[in-house]
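Each of the next two complexes has subunit A plus one other chain: subunit B in the first, subunit C in the second.
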Partner chain A sequence: MSIQQPPDNGAENSKSPVNIEAVTPSNEAQTKKQPPPEKPSDVRRRSHIILSFWLIVLCLGLPIWWKTTTIYRADLPLQEMLDWSDGKACRPVFPLRISIQANALQEQEAQNLLRLTQHALDDLNDFSGHHLRLQLAPPSATEHHDRDSVLTIRLVPGDTTTAKFDPHEPVLDITYPPNGIPSPTSSSSPLATYVASQLRSTFAEEQATISYLLSTNSIPSDHRPQGLPSDVSDSLSKRTTRSLKYSPTYHLTFSLFTSGSLPSSWDIDGAIGEYMKPVLDVLSPIHNFTIDTQVQLYATPGVQNQVLNKEDLSSFINAAEWPLSPSIGGAPTVNFIVFVGNQTIAAPSQTPGDSDTLGPASHSWLIPQWGTVYLLPLADDTAHLPAEALKQPLLTFTSHLLSLTGTPQSGSLPLRLSTLSRIRSADLLLRASSTLGSLARLALALPSISIPSRVADGVSKTMHHLRLACETLGGPEGLAHARIAEAEAERAFFEKSMVGQLYFPDEHKIAVYLPLLGPVAVPLVMGLLNELKAWRKRRREAAEAGREKKRE
Partner chain B sequence: MRQFLSLLWLSLFSFSIFASAADYHEQLNLRPLPLSSLLASFNFRSNTTLDDFDKGNFRFFPRSLAQILQHAGTRELHLRFSLGRWDAETWGARPWDGAREGGTGVELWAWLEADTDEEADHKWLTLTNALSGLFCASLNFIDGTRTTRPVMSFQPEGDHSTVTNMHLLYGVLPHEVVCTENLTPFLKLLPCKGKAGIATLLDGHKLFDASWQSMAIDIRPICPPGGECVLQIEQTIDMVLDIDRSKRPRDNPIPRPPPGDQLPCDTSKPYNSHDTCFPADHTNQEWTLSQIFGKTVKGTCPLADSTIPPVCIQVPDSRSVFVSKDVHEKKNPDGLSRCFDIAPSTELEMMLPRLDEGASTTTDIVTPETPLLYAERSFTGHGQERGGVQTILRNPSPDTAVEFIYMESLPWFMRIYLHTMEARVAGHSHANKSLIQQVYYRPALDRARATQLEVRMRVPPASTVFLTYDFEKSILRYTEYPPDANRGFDVAAAVITILDPQPETIGSHGGGAAKSARRFAAYTLRTTSLLCSLPTPDFSMPYNVIIFTSTAIALTFGGMFNILVRRFVAADEGPEAGLAVVLGRLKGRLRGMLKR
Partner chain C sequence: MDAKVTPGRTAGLYAGAAVLRLAIFTLLPALPDLLTGRVEISTPVTSFKRLQEGLFLYNHNVSPYDGGVYHQAPLLLPLFSLLPSFTSLPIFTYLLYIAVDLLSAGALWRIADSGEAGSSALFTSPRREKRWSGFVVAAAFLLNPFTVATCIGRSTSVFTTCAILHAIAKAVSGAPFGAMVALSFASYLSMYPLLLLPPLVLLAYDRQRPERATKSALQFAAVSASTVAGVVGVLFQMSYLLTGSWEFLPSTYGVQLTLSDLTPNVGLWWYFFIEMFDSFRSFFLAVFWLHLSSYVGGLTVRIRRQPLVVLTLLLGIFAIFKPYPSISDMALFLALVPLHRHVFPLMRYTFVSAAVIMYATCLGPAFYHLWIYAGSGNANFFYAVTLVWNLGLSLLVCDLMFAVLRDEWEVERPEMAGKEIRQI
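Coming up: the complex of A and B.
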């Protein structure tokens, strides 16, 4: 076995004339018998067979496989979504129109005063997103507050310069001394400065809140004022974490908990009607409230100490046993609990920021985004709680409700509420934008997640309403659009069918494909390789033959 | 049973009197049963006026449940959690005439206010999902395939004269295992929370150790004549405790057979030697409340109506019952039951002493009432495909026929052949067409709707009727099988509603239009649930199929491809192949290495 044949690539490539030449002059003793040369038509047919197999695999198999196993990903406007979350798509601007009613002044004087005040305001203001624009109310206008403007300033001649809010309407009454009217030529006036500073202090909180909201979201820094004092931003962050997520409806649940069997009834209906209803009515344009009440006996609190420390307050609610289950339906529940017991709350710790959490008499505390607990000491044999005994608890609940809904703390009530609606719309707008951004980042980060068309629908709806909300920011439509946008964005983000595909590991695919594709692919690939080799050999031989011919 | 019934009526009647005086009432009824069992029936009932309900002011009525009812537009609700089997042969008729019990698992039926069927379905979905959260049960699995709309079997118990667009929906989960996590929310609904009154006896360890137990919640509006309409919630727990089993010490709960010399023997039987023993059926032993329930009754719930005695026991007057002091015993005039009044802060302990040896066994307990009908249901059929159901209905009464509605809601994968349904009196070989009077049948839709079968039929006096039908088992899709597919699929209990022959007379006895509506059913019973085994595939099948077909395809494809592209030459013309070539190459290589 000393015959070392050149490695042969198969029977088919031993037919060319060169090959035969190479073998025939061999001087070896036992020449191997060679098969007859193959017909060129056979060679061609074999090439066609291999080619057609590969064509079927590539043109039919691959597309079908691709079509049937691909994960549906709806087209999302990713860049636009990221723009929204980066704040590039919308610049939140709150143009606030303030009308001035100065029926006692001449048109010319009033215009002059207006110009000076506007100047003073613009000098004071450093936040472009929150702009106060003054306008003169027509003198013939009625006493009533103009719907388009957020605040009406009523200038009335008087003895000294005073400012007073109307308790029922967003109207600021300013009296001025007779000599306070600026002359048409003067470039400054004490009255104008006074009005400007009044306005600024009125809207300072709103401005701070909105700029805080913008700063916590990734709005580019040139859109927001710099240098929000750290204590202001601390208290604002505390307030925003405390307030409930915006919802058009809130369930208010009043519960009377007692550790024994008494008292077992209370006149809560009357007490709510007397002490709480007025505030609820005022809030009704922004929120709807549903009210229910319950009495729960034999309730043991989570903490049994006589004196409750700050740490105890968070575990006082016995969530396992007290039936405070969240309400069904979309609206969140605000819980107001009257606990009959003579526990007391330990003096609040030294941090000044906490002092407003505890009630004045330290009978109550507010649980952020949840509700309020009020400890009511009672004689042991009280069987029925009359409405008068509930006055203090309900007043506490009312003030806590305002802070739970996120109402600002200064100003007259109507003004606070209109501020609330602006803050809420800004908040919702930013929330929806950041949800969009998260969705876009998620879609980019997980290439194997499926994106159903519902998500794309939700995104386009969200962006439509966001655009509308951005245009009408500050008005009631703005709030409505922002609300829809936020709901749609949440729905798109939490789409259920997006999650299922995530947990299908790639190893499973290998386990399914390999047994089928492996054995099929090996002959196909080997056939192709052999054919390519044979083809190259044929070409080389043909070239050599041609060269020899030329030489000849 | 008549006594029990009369007591029931008495309490119902007294309730209608005191409805305005007190809005909460609770009562525990104890009834010793044969074979040393004890039936304990807890009943809690509270009312709220519909006005308060609509305004959301809740005192006795649980707010968490009320909110669900309001949200889902539910007018009347019945929810049952049951476990075990009521042994009618031994224990006789069921408590509350079977009106406060359900089939094994969870059963829910409700009347919803809705204008269209779709709206009713939507509200039903809301209701089941919310209740599932409240009671920690898988009620959210009551979907379209487990929901039916019974036509004949149920009638509203409450007063719904003002509402016209009510829809009745019925769902059942036979597979659900009722356990402590369902009892805790149940107790939370009570005004006294199981901290005072008879509810202090309720303990998950004892309740779910019982031979049979049923928890029921019934909510219905009631309009007493001339009074304000109220919404009533009635919570009932019935359990049959095995006294021997319950008396096991807590620290040594494993039951062990007693030594031979302590085995109670039936002394009425003749013995030929002193070392033989027929174990006595009903061991006559004493028991106390704290032995059986593990605790005593801690006072009364201060909210409860004080005119209704909280604890009653049904034993003949001739037996003495010992109670702790400050407890006032009051014997009822029928001579077969007595009640106990408890002061608000005393603990009630009760002891039923062992009977004297000489006393006859018939007087120690009140003989259980014979039920109106006995029912048993079982599977027949053969193989993986053909199945059948046979229900044996026996009327024990010697002179009265029983007319009833037999209702089944079968899962869609049991495809029944309605033409095979027949009723046959035992002893006759042919079906008797007159037994089945009316059939309401709503066929199943695959994966969408359950089969609903309601049969109105009658059983002649002192006879046994076989109701049989065949069905075909369908094959489920691979993903539709549960993880424990080989265990089988639970089929819900059949509900048998025995119609009241003369509603008018009983209605006048109860005194009120609401009462006569209540007496639509004289007695309700449920069969046991069944376990249907479907043809179950080998669950590694898809992978086997993949591997097998892949191998086959690879073999054929490879062979075919090679035949197509290879050139065939004579054996001596081809290149050398085989083991010799490989060996020769190896040798050459080795030689080369050695030379180096």
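Coming up: the complex of A and C.
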């Protein structure tokens, strides 16, 4: 911008024209002629010119500078956000209510049994965030499972003490021998202990999972359970890494890859409807599913070996040629592949930890966070795959889908699903909280980052929903609120306009301002300084002149 | 030079200029379109091509500002849609542009003949006898290649040029109201002439007719400023009625203020704002505009006794530091420079600045070709030439300023006339 200088110089020239002095070459050496004194009108005019420039700088330039370069930082409730991420704002508590139906018992007897069982439970429990509360179901509400309670225990008189899960409803049927009813005075009873231990083992996995989640987040240790055995936490961490990130919708892609030209069609529609739909339906409160299918002939797998070793399984998917899109729309994709070929999987290696990775018949394997491959050997001339032939693959897919979504493995299906929704809400709650904490730490660490009002909106929405989720933790609304909170927190954290400002620290601003404003400022500041100096000199002279006058 | 100007010579000059333009239009039919596409002539806010686009939308009852191509004042549209269609009868458009050029020349002629440049109300130059007549000044304007190229390129800046020259002519001939109305039109068309208001008010104040002169300068300035505000307000209202919305304000003046169209031109802004960090863009836009307007106050105060010089210098400065300058701004500045013929002997760098400007004139199109069409150069080539161009222009502005100040100074110190100067 050096081009700007000439007019500035011109303005400078214009400010000091009277300083132009004529020099005659002849007498330059002997007498240095002093220019005549400036006229007062010229002095005044120069002050006016300097004033006119400075007025523009001060009245327009400074406010504009202030307005255009201040970084907008919306007020964030930083302390509150940090409280959330430190777990101080919400204590995740899952009050699980379990109702007992004991129609064959007297009211008094049932109350007594309940009290004893509750005692036994409280003795066993060491995790305050996850406690089971027993209650007696009113006798009228027989047969039906109570909506508010997580599990219903049906006590039925029988020959021996047995426990059995109802496959369709969260109901635990317990039979007891006639002498199992505790007497009102006894302080312990084998039946109560049995019920308590049954409940404890039923919810052990859920408890372990939730305490694992809490321990991996920065929840203060006072309400974190101690002593999670390392093997449990290992298997839990394995399961968490295997399962997909939570999303309200998953996209399922069913692909039939054949090594030859046959089979060229499959009755996947019917097979899904028959074998998979029931599970998808019960998962629907937690996830939505969209489905598409495809058939690819002459597909070459990534590994050509006849017998696939454990190492081959990871490279079996031919990612370069098989049309498996990573994600359709916004939802993560779960891939289920039926590969028709004559390859087999080598016998599982001896380490017991791998046994759950390989399917029972060693026809399939699960790829963490991605999907499942099922090898289907077929006769060469099969042109069409009927639904029955797909039964085994689809049942495998269904069970793998459950583990991909993070469903716990023990208990009856209804119970597993309700556990899943609780685990998911805890997970989302913790994730949203830690995102809030990161945002707060970012805002504190970078004072020059701009925070648009959209971020503040997102934060306040997140906190609102987090609070609601914390209050209703364990129920379906809790999951919905946690879901919204997590989405809002992510949106606030990944706000686009914040990223652009990230790498613009204060010291770089000198390089922005100086090249242009430096040269402009030099004549302005020098002019002002000279003017002030001259003004002080004039005042002093005037004062001296006044004193001289007085003396006379 | 003060040869008697007969009506015949006047008509001859005007006819010659008109015939020259008409001949170029008709004999070289490809040239107008070529020049219309040149970035040196057509800026986003004056381009004839963009005017055609706006006109098409306007004639099809679509808002002319839809599509973000047209950035010119809305009142140009009815003017051009009154003419027969450009595609079938281009001659009428040519005649309009030629007439506007001739009107500008007429205004310039009146300014030159008034002798304001040599002896204003507060200052009389000892060299005032040495001046060019209106005929020569008008001829220098009409036959200036920059003026001719602007006319052939049909840039709408000719209307602004005409309005500014008429504002000065009216002010010089003692018609302050006419001057203010003309300035309002110029400001309405291109916004930046509004900055000429202070020196123009002073010029009009100095040249009031004695029989109806306003004594108080403040009162005169207030009346003038409110005249401009009123006329501009009326023009805005008419534009609003014409387009049905206030959309034209951001599309015309907003574009100039925010430089949202970064098409290259001969100015200094486009390259700077291509490179600018987004977070500082608005700040530096304000800095550039303040820099442009900061000269108005200082120059007006310093050369208070010769407002016409202030106007000339400001137009030169605008031609350098405007957001969308073109060679038509140069043509306007060069039209006013010959009025100050009497200070030419005091200028020191005429040869250098003339050489630099001619050098840039030749190299600019060549480097632009290398950059855009041949692909063997880059944007820096063209930008370097525009830097040289503006250097030459600023040299000329400074030199003229120096000459005028020296002229004033020699009145105060007659014994120094003709001697070497040295800054102490």
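Simple rule for what comes next: the second predicted complex is superposed on the first by the 433 of 552 C-alpha atoms of A that agree within 3 Å, B and C clash if a C-alpha of one lies under 4 Å from a C-alpha of the other, contacts with A are read in each partner's own complex, and residues count from 1 in each chain.
Convention: contacts are C-beta pairs under 8 Å (C-beta built on N, C-alpha and C of every residue); 3 or more make two chains touch, one makes a residue touch a chain.
These figures come from a predicted structure and were not determined experimentally.
Looking at the shared chain after the overlay, A:471 reaches neither subunit B nor subunit C. In the superposed pair of complexes, A:527 makes contact with subunit B only, with no contact to subunit C. Once chain A of one complex is fitted onto chain A of the other, the partner contacts of A:49 extend to both subunit B and subunit C. In the superposition on chain A, A:290 makes contact with subunit B only, while subunit C stays out of contact range. When the shared chain is aligned, no partner comes close enough to touch A:281: not subunit B, not subunit C. When the shared chain is aligned, subunit C comes close enough to touch A:69, but subunit B does not. In the overlay built on the shared chain, the residue A:234 is in contact with neither subunit B nor subunit C. Once the two complexes are overlaid on the shared chain, A:61 sits against subunit C while remaining clear of subunit B.
Of the two partner chains placed by superposition, only subunit B is touched by A:515; subunit C is not.
Once both structures are placed on chain A, subunit A residues 1, 4, 10-11, 35, 49, 53, 512, 516, 520 are touched by subunit B and, in the other complex, by subunit C. Note for the complex: subunit B touches subunit A at residues 55-59, 62-64, 66-68, 71, 126, 130, 133-134, 188-189, 191-193, 195-196, 301-303, 543, 546-547, 549-551, 553-555, 557-558, 561-562, 564-567, 569-570, 572-576, 580, 584, 587-588. Those residues of subunit C that touch subunit A in the shared complex are 268, 272, 277-280, 282-284, 286-287, 290-291, 293-295, 297-299, 301-304, 317, 320-321, 387, 390-391, 394-395, 397-398, 401-402, 405-406, 408-409, 413, 415-416, 419-424. Per the touch definition, subunit A reaches subunit B in the complex via residues 1, 4-5, 8, 10-12, 32-35, 38, 42, 46, 49-50, 53, 253, 261-262, 264-265, 268-269, 290-299, 321, 323, 325, 327-329, 511-512, 515-516, 518-520, 522-524, 527, 531.
Touching subunit C in their complex are the following residues of subunit A: 1, 3-4, 6-7, 9-11, 13-25, 35-36, 45, 48-49, 52-53, 55-57, 60-61, 64-65, 68-69, 500-501, 504, 512, 516-517, 520.
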